[in-house]
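Both complexes below contain chain A, partnered by chain B and then by chain C.
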Partner chain A sequence: MPGQNPDDIAIIGWSISPMERHTGKTEAQLLLEVVTGAVEDAGITRREVDFTCAGSCDYVAGQAFSFVQNIDAVGAWPPKRDSHVEMDGAWALYEAWIRLQLGDIDVACAMGSGRSSTADPALIYPMEMDPFYLAPLGADAMSFAALQARALLDSGKVTERQMAEIAARTRRDAKESPYAQVKGDFDADALLREDYVRSPLRKHDLPPITDGACAMVIARADKAKELCPNPVWITGFDHYAELHYPGMRDLRESRSTTLAAKAAGIGEGAVEVAEIQAAFTHEEPLLVEALGLGADTVVNPSGGPLAANPIMATGLIRIAEAARQIRDNGKHRTLGHSTSGPCLQQNLVCILEGN
Partner chain B sequence: MAATVESTIKFPYKRSLGPVLGAFMTALTEQRIIGIRSGTRVICPPLEWDPNTGAELAHDFVDVGPAGTVESWTWVAQPTIQHPLDHPFAFALIRLDGADTAFMHAVDAGSIDAMATAMRVAPRWKAERKGHITDIDAFVPGETPQGGGGGGAAEPVTMMDYNASITYNTPVPKNVIRGDQANAQGRFLGLKCPICGRTYTSGKGFCPIDTIELTEEHEVDLPQTGVVSNYTIIMPVQYPGQTETELFSRVHVKLDGVDVVLGFQPLIDVPTSAVRIGMRVSAVWASEAERGDLDPRMEGNLIGWLPTGEPDVEDPDLVNRMP
Partner chain C sequence: MAHQPCAVVGVGQTHHKTRRWDVSLGGLVREAAGRALEDAQMDWKDIDAVVIGKAPDLFEGVMKPELYLTDALGAAGKPMFRVHTAGSVGGTTGIVAAHHVETGRHKRVLAVAYQKQSEGNAQFALGSGRGASLGAGGAFAPYMRAYIARSGAPMDVGPMVAVKDRQNAMKNPYAHLKLADISIDTVKASPMLWDPIHYLESCPSSDGACAVVFTDEEGGKAAEKAGRQPAWILASAVRSEPSQFPGRDPVRPQGAVDCATDVYKQAGITNPREQIDCAEIYVPFSWLEPMWLEAHLIAEEGTGWKMTESGDTALGGSFPVNMSGGVLSSNPIGASGLLRFSEAALQVRGMAGEHQVDGAKVALGQAYGAANQYFSMWVVSNSLDPFGK
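Moving on, here comes the complex of A and B:
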């Protein structure tokens, strides 16, 4: 039973901002709302948060050290222990989870925030690539994804129809989610008649551009049980990275995902729901295979990143949605996944369990 | 949609290349593509380490290509300003002859219909090459390299330029707009937190201590007099945008009766040798006629701060106040 060991750590609250194409709010204001929402959800105040860690990206914000202003959102007076990762908020959660295992403090808050609408994501993304061989070519996320999609199509691992059906399914599932930007009933045949945006990818294969943020509160076992009648236990958490340059990897597989999943103990039980950061349709079957999930695992019932993709928060939201399945929907074991880098270079897996 | 302010950030990086990437870039100037041996494999573009073990690789370079086979490709119908070609092209992963890994570059095929997995491509060289990944203009269908001419670099290439530019449209929050409007009228607008009573400039929009949003109902007019709480004397370095040429000062002004400290304000008619903490100052706003001459970085129509001539404030804690 998770929660028996004092070092066990549980999610006790979270909050997700509205998912919008353009927000009028600053990143600090977006975070202010979700941190308030997350601590209220956990039944505490900011005073009781001992450690904060944020994930955001200066190139997205258009400002060096932009996270320095974002700390206003956590109410750092009296001063707080704080950290930042230039990564998705899922990695901020990972750092917070590690930090709580030191045992000297009980409660931490992790955040992820991104306002992608501020500039053209296709111009920002190359800045984060290898600066010698890739960035000077303007190598953007869509092009990388398309190269991986072609490799999967050529190998017969996916089909364009399967990709269109994934888009139709996630958009249909997203109808139930208050945090979805792209939703509705679509017919795969009609989607397949659309033109390519980046062959072999059509518009439905791509994520939307989204502004948004997420915050999550976690606590050590005793505190979690004291504060929360139904804590969601983090029973496994790990991440692996592989080579950066996509031409040096086999793009038809994701070894880092498999390694992270094994390290997180995915095989120790059935996974009822997986919320995975498949921002492009073809990534879903690739990740499902790499995670070793079977047909009985429901994938991205929230609509996933194809419904809303706030860069730097998308992964943390996956973990929040996986936690929601346990706390609010009666599931027992779920999984959140996040990814970073070109063609799924780095992958993180977080296993969650209820009481 | 909210009001936005546009700003363009340039990233003019100069990067040193080291012995492996430098050798690769130098070879490009000679219309050669090289890989590096890693065990039994040849890696192109060359890395400094074995991707499997992380061990440093001996500088055992091998000529590869110049032709190769497309392993995967995508069609870029609408290139961005950062892409190597300004008309539709393909990005491709190309396994150059003699290499065991795939090289990413553009293929100038003319039409998506000319692209296929496993097609053969060869580089089209730029006439002028400087040791940069774009010395290869693009790959083209076929076996025969195109373009080029002239000799290689006289000296080994050791540095490369990378210039990117991104334009941001940042939304301007309502509280900032209202603050700007007040400044245009010769007023400083503040926001007073109803919980802790601290006052902030209108640009903040929230109390970072109590973490609540501050809106119109929390607005207060701030005083126009204060005291210099800190200062710096600046020897201007001629970076882009710097208009000052002589020594100048910037001061922090703590406004009277509130917590607000305005940072990096200009003083008026005070030689740099006379700037000091404790000096009493008063805001000076531009007249209608003077507005055209204002430094655009200043707040509204504020010209700066003029000493009032009152006795200095003696308070050792003044310097501890931060904006």
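Moving on, here comes the complex of A and C:
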């Protein structure tokens, strides 16, 4: 049973900002609100947070050292043990989780934030590719996603109708979520009559451009039990990378997802809900297969990234939504997933369990 | 299982230069990582996880380069983690990598930090392309003037640091600047960039990388048994503070004091000046040497400059500082912190070559970033129990 070992770590609070196409707030303002929300949710103050770790990206912010201003949101006074990853907030949570295992401190806060409205994604995403052979092609995230969607369609692993149905389902589910930007009732037949944006992807296959942030408080076992009647235990947490060049990989599978899921101990019990960072419709069946999930696992009941995609926070929000299913919706075992890079190059799996 | 011992068993770095046009970004990091693996007598396949650190991606124009560098660093099929904490990032990269071993998460971890500043324009990137960027020296000069005013240090102290570090660099085959003829007079005769910083009191802009192999107690002891001295990490600490608010002291930042207090306490150090044999600290502009000696509690407040002036911080002095030549001699920004930490490790391993401090058993590595806001420090030793606790 989780929580018995003093090194067990639990989620004890979180906060998610409104999800907007364009926010009038700075990234530090977004973080100020979610850090306040997360520590209040955990029943503590900033002063009781021993370690903070933020995830954000200078290119998304359009500024070098963009995270330096965000430290104002942390309230690092007196000075704090603090770190920053140029990765999704899910990896910031991973660093915080590692840090707490050293045993000398009890409480950490992880954050993820991004204002994608600041930059033109088509301009910046080619810059995360190999600068010699891939970046000069000018292919953005949408183009690489289309390449992977085509590989899946050609192999018969997915159909365009299935993709449209995923779009309709997630946006319908998102109607219940206060953190969704795109939601409503859509008819798959009508969606399939639309033109391609980038073949074989139509508009409904793509995530929205979203500004947003998330913060999450975690604590070591004794502190978590002291502060929280229903801590959500992190019972498995792993991430793996694979080769960068999409041409060197079999795009019909996601090996790093499978590696991360197995290492995190996914097979040790049923997964009732999976919140996965499938920002493009075709990625959902691919990731579900790579995670080894069955038909009885509910996928992205929050609407997932197809409903709101604040890059650099999207993954951490998946973990928050997976935690919500345990704390607020009575589930026992769920998972959060995050990804980075072209065609799902890098994947992270976080397994959560209730008391 | 909390906090198990961790050892540095491999260190590698590139030759640092203004432009390493002979290598790509991948080639640059492989050059350092290959040397670290060779030093550790390991192969790529022996590494369980990779932690990569660098300062802003705008410097090279490659966003989240850990994605592209996964292939060059043999990280496919492994965890690949990316840290960015401004100028302190190299130090923090080493600390995060060590945490992966100290928690028992992984057995062997490779940390790599780099910057290839010739790929872009660092001054442009520091200001995010906006006009009227002060540059780092312009931002820090007021802190140094305030230090001089407060401490009453003679104006020759800055030039003395500049000369001392460049003389040390003459003994380091990897150092970027080789200024054999530098003297107090030539430093003072060089152009004034940002009062009180002359051109020769400023760091260069370098291409370079550094890599470190970390292993657990078993691995460290096996290396020791095989005659390869490990550097044991006695303690590490980080602190951050906001950039501006009334009452903040950027000359003696509370974060610098707290970070030092924390790392000494963990290491069992009560008198850093006596118990630490040498220190490699982040001094991109000359006056930061006495400032950090004070803020890190090695010298009494207002007296750090006396350690420089008396020659205590010289290679043959009683408390050598920046034996490698320091940031004043090589500054691939993202790598600079890990280079400091690595030099501390090389010293206690007795592997620092011509810039070795005789009998160094306990060494301090330090890095800082942003507006004197981010601090990372570690204390390493040739023994897990150097003070006979």
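By our rule, the second predicted complex is superposed on the first by the 355 of 355 C-alpha atoms of A that agree within 3 Å, B and C clash if a C-alpha of one lies under 4 Å from a C-alpha of the other, contacts with A are read in each partner's own complex, and residues count from 1 in each chain.
Definition applied: a residue touches a chain if its C-beta (ideal position, glycine included) is under 8 Å from a C-beta of that chain, and two chains touch if they have at least 3 such contacts.
From a predicted model like this one, the values you see are computed outputs, not experimental measurements.
Judged by the touch definition given at the top, the superposed model places A:Leu243 against both chain B and chain C. In the superposed model, A:Leu316 lies in contact with neither chain B nor chain C.
After overlaying the two complexes on the shared chain, residue contacts for A:Tyr59 are found with chain B and with chain C alike. Contacts of A:Val35 after superposition on the shared chain: chain B is touched, whereas chain C is not. In the superposition on chain A, A:Trp77 makes contact with both chain B and chain C.
In the superposition on chain A, A:Met127 makes contact with both chain B and chain C. Looking at the shared chain after the overlay, A:Ala146 reaches chain B, while chain C stays out of its contact range. In the superposition on chain A, contact of A:Thr23 is made with chain B only, not with chain C. Comparing which residues of chain A touch chain B with which touch chain C, the overlap comprises 59, 62, 72, 74, 76-77, 124, 127, 131-132, 134-135, 243, 245, 248.
By the touch criterion given at the top, residues 22-26, 28-29, 32, 35-36, 46, 59, 62, 72-77, 117-120, 122-124, 126-127, 131-140, 143, 146-151, 154, 196-201, 243, 245-248, 251 of chain A touch chain B in their complex. Across the interface of their complex, chain A is touched by residues 1-3, 24-25, 55-71, 75-86, 92, 96, 99-100, 102-105, 125-128, 237-243, 245, 253-255, 258-259, 370-371, 373-374 of chain C.
Residues of chain A that touch chain C in their complex: 7, 52, 57-59, 62-65, 67-69, 71-72, 74, 76-87, 91, 94-95, 98-99, 101-104, 124-125, 127-132, 134-135, 238-245, 248, 255-256, 259, 340-342, 345-346. Against chain A, the residues of chain B that register as touching in their complex are 1-2, 7, 9, 11, 13, 15, 17, 21, 43, 45, 47, 51, 71-77, 79-84, 91-93, 101-106, 112, 117, 132-134, 160, 162, 164, 166-171, 173-174, 204-206, 208-211, 213.
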